[in-house]
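In the two assemblies presented below, chain A is common to both, partnered first by chain B and then by chain C.
Right, the complex of A and B next:
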């Protein structure tokens, strides 16, 4: 019996015994190389569940919507840190959760596949993953070459919180600085950094997919939806797009676990990670804190030390 | 209001968020002591520097402030005991983040000024005004900026 089948049986058992009323997992999607989230309430449906490198969504984003319900969920390594973040902030209760933790070797980035083949993303219609290879039509690519950028320097392949696991442990990227892209941006001049930021944000069409995909963006009323005071005008002005992204990302300071769900969800391919990871790097540097590591830890912006970094004050 | 369209007559507009208990009283003391400081600063009084939501600062830049100053009580002197400690963590991250995104260093500054430091308040405002004057009119995030429009 395959490992996946064992997990399916476990999930069916949880549903039958009433331990959970809903299981959130992945099923084969209608778009190539992209699995779709699935919500299983009936034990007979567990055969729909799949796991492979196309399972890119961070399903933890659904958990705050089922607050107080008993749910099961499938999480990758990075997603499991988001679950810890939600536990920390009191959005979910551990007793209500049944977690299938996946040892994740990384998820595929369709844009990279398209770029390697030199075709637009829309033209990829016949593609599948077989073992370590991505097969697109007649062509074969190595999966490791078309992984999502963040997965290539991943240091959290293994789930940090789980009831049962799936898959074999994956060795973390040996060397490789996971903030290399941040250091690269920091090395630019202020004007160059602004151009980089403004150019990325130019493509934003304020669809809020990043916010919706983010497991930590669970505010009942997001600042962009607030009408009193109305902070935000949903226009095509670059300043409005910039304002949105600055404030959304800053609200994740000390909370972002770096799963990259926002960046994968962006239909315009904006590299949101490049901005969020600066906040993660700074929180680590200034406050020695990593989000989603310890469910008991206090988030860095809800606490302080008298000898905190003070050099920036006049 | 200063004429912002004419380069020679341009005067920086600086928005200052001052805490009620220390920096605002410090500003008051600067005034009653007849200390001179640049008139470029517009003051908003808040109960505490901890009340300053980062969105206030970014919104100020968006609406056209050339610079933003946030000032509160010295660490340990907060009227609410720890408001400025929490604020300090947020501001440290925000300042570094805005600079990372390409906002020029000096546009957004933070200081601690106590109620007895009228002279210090005048110094801080002078420094911030001169820093911002050297940077010129705000160009980034500013919804009214002419330079960034195509």
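Right, the complex of A and C next:
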């Protein structure tokens, strides 16, 4: 019996015993190279569950909706840190969760596949993953060449929290690599950084897919939706888009776990994680803290230590 | 007939007379925008990620501007309507049909939108037949297809090294007669037909949409909406990609001494779309919002204006971050209606 079938049976068992009333996992989607979230309540339906490199969504984003309910979930390494983040913030209770932690070698980025083949993303009609290869029509690409950018420098392949696991352990990238893109940006002058930031956001539609895909963006009323005061307008003027991105980024300071769901959700392919990773790097440097590592840890922006970095306070 | 070699010079002539909006590369993506040279135009493409509805119904539009005088914003300035003669070149048949739905909303009946109408009345639609539909395309479920002329003023078909040019409307025919294009030989006509057959062969099987409007009212209280909407993250990407979605918000964008009243795209998928000032929200969850989205497109609009609020372009399917497929929604609706009908029939026995 395959490892996946064992997991399916385990999930069916959890459902039958009443340990969970719902399991959130992935099933095959209708668009090539992208799986879709599935919500299973009936143990007979567990055969829908799949696991492969098309399973890119961070399903932890659905957990706050099921507060108080007993829920099972499939999480990749990165997603599992989001679960820990939600535990830290009291949004889920460990006893209510049954977690299938997956050793994830990385998820495929359809835009990269398209770029390598020199075709628009929508033109990829017939594609599948076979082992370490992505087969598109007559052409074959190496899966490792078309993984999502964040996956290529991932240091958290292993699930950090789980009840059962799936998959074989994967070698992490060297510790220094994951913030290389942040260092590159930091090396630029303030003006150059502003130009790059503004350019990156030119394509932003203000659709809020990034916010909605983020497991840590669960506020009942987001600053975006406030009308009194109206913090910014719903236009695609640069200042409105920039305001939104900056504010969301700062609201995630010390909370973002670096899962990359925002970047993968963006319909315009904007490199959103670049901004978030800058803050993650800063928080690590200034407070020696990483969100989503320890369910008991208190986030630095909610606690006070005498030796806290406070050079920014006048 | 227009040979592809002669296309550039023809377009230069066109650009002397008209503002030309066509697919071009902007900010790293292919989208409809004003072009200043024919060389920017991309006609050999599938479809743009964003629909061309922004040509008539921009994502943000200032409707009035105002200035402050002492302590009141009472200097009102009208925003001039945009009547620039325009050619919208290279839209696909699905998008050409979408404008008919937008017309029903903004340019018919009791409430006429002058901003929309000014642009629409001064624009000629030159459609390019769709030679390679995607597997997410389902225009044919509406009785349309990749070679449907509906909504076009001029219709172009690929015929190898030339385009066949047809005047569909009087406006279109008038423009064609202004230049000499030459009749197409049988060889070109045959080539165009061959390409059309290849296009049709690519269309995925799908049940016709017609009739679904009768099934929906009976499903208002069905549990399918909860199942359908469970994975929706309410981001609104589908609405922004859709050529027929047209709901909007109006807000004032105020600076220190001036401001504008802006109309901006909104989405029924957003949590606060129907939030009342009292705090009550009649569509409190995603299930209610998905039910509305489906019924608006496939029941209310057909009933009110005789057109579906969907042209089957598949953009929502491509861009949805969780791959919620509207074709799957329609299948669920049909299955639920059938199940209810069978259950009802069993009860009667």
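To be clear about the criterion, the second predicted complex is superposed on the first by the 306 of 314 C-alpha atoms of A that agree within 3 Å, B and C clash if a C-alpha of one lies under 4 Å from a C-alpha of the other, contacts with A are read in each partner's own complex, and residues count from 1 in each chain.
In the analysis below, a residue touches a chain if its C-beta (ideal position, glycine included) is under 8 Å from a C-beta of that chain, and two chains touch if they have at least 3 such contacts.
Keep in mind it's a predicted model, so treat the numbers as computed, not measured.
Between chain B (first) and chain C (second), which, if any, makes contact with A:237: first, second, both or neither?
both
Is A:127 in contact with chain B, with chain C, with both, or with neither (first, second, both, neither)?
Neither partner.
Quick check on the superposed pair: does A:252 touch chain B, chain C, both, or neither? Answer first, second, both or neither.
neither
Applying the touch criterion given at the start, work out whether A:278 contacts chain B, chain C, both or neither, answering first, second, both or neither.
After superposition on chain A, A:278 lies in contact with chain B alone.
Tell me the contact category for A:213 with respect to chain B and chain C: first, second, both or neither.
After superposition on chain A, A:213 lies in contact with chain C alone.
Just to be sure I read the superposition right, which of the two partners does A:185 touch: chain B = first, chain C = second, or both, or neither?
A:185 contacts chain B only, not chain C.
Tell me which partner A:160 touches in the superposition: chain B (first), chain C (second), both or neither.
Neither partner.
For A:38, is the partner it touches chain B (first), chain C (second), both, or none of the two (neither)?
Second partner only, chain C.
Residue overlap on chain A between the chain B contact set and the chain C contact set?
On chain A, the residues that contact chain B in one structure and chain C in the other are 237.
For chain A, which residues count as touching chain C in their complex?
Within the complex, chain A contacts chain C at residues 29-32, 34-39, 57, 61-62, 120-123, 125-126, 202-203, 205, 207-209, 211-213, 225, 230, 233-237, 264-265, 267-269.
In their shared complex, at which residues does chain B touch chain A?
54-55, 58-59, 62, 75-76, 82, 85-86, 88-105, 109-112, 124, 127-128, 140-143, 145, 148
Looking at the complex, which residues from chain C come into contact with chain A?
Contact set of chain C toward chain A: 27-30, 45-47, 49-50, 59-60, 132, 134-136, 227, 230-231, 233-237, 240-241, 249, 251, 253, 262, 264-267, 270-272, 314, 317-319, 321-325, 327-328.
Please give the residue numbers of chain A that touch chain B in the complex, ascending.
185-186, 190-198, 223, 231, 237-240, 242-243, 246-247, 249-250, 253-254, 275, 278-279, 282-283, 286-287, 300-302, 304-306, 308-310, 312-314
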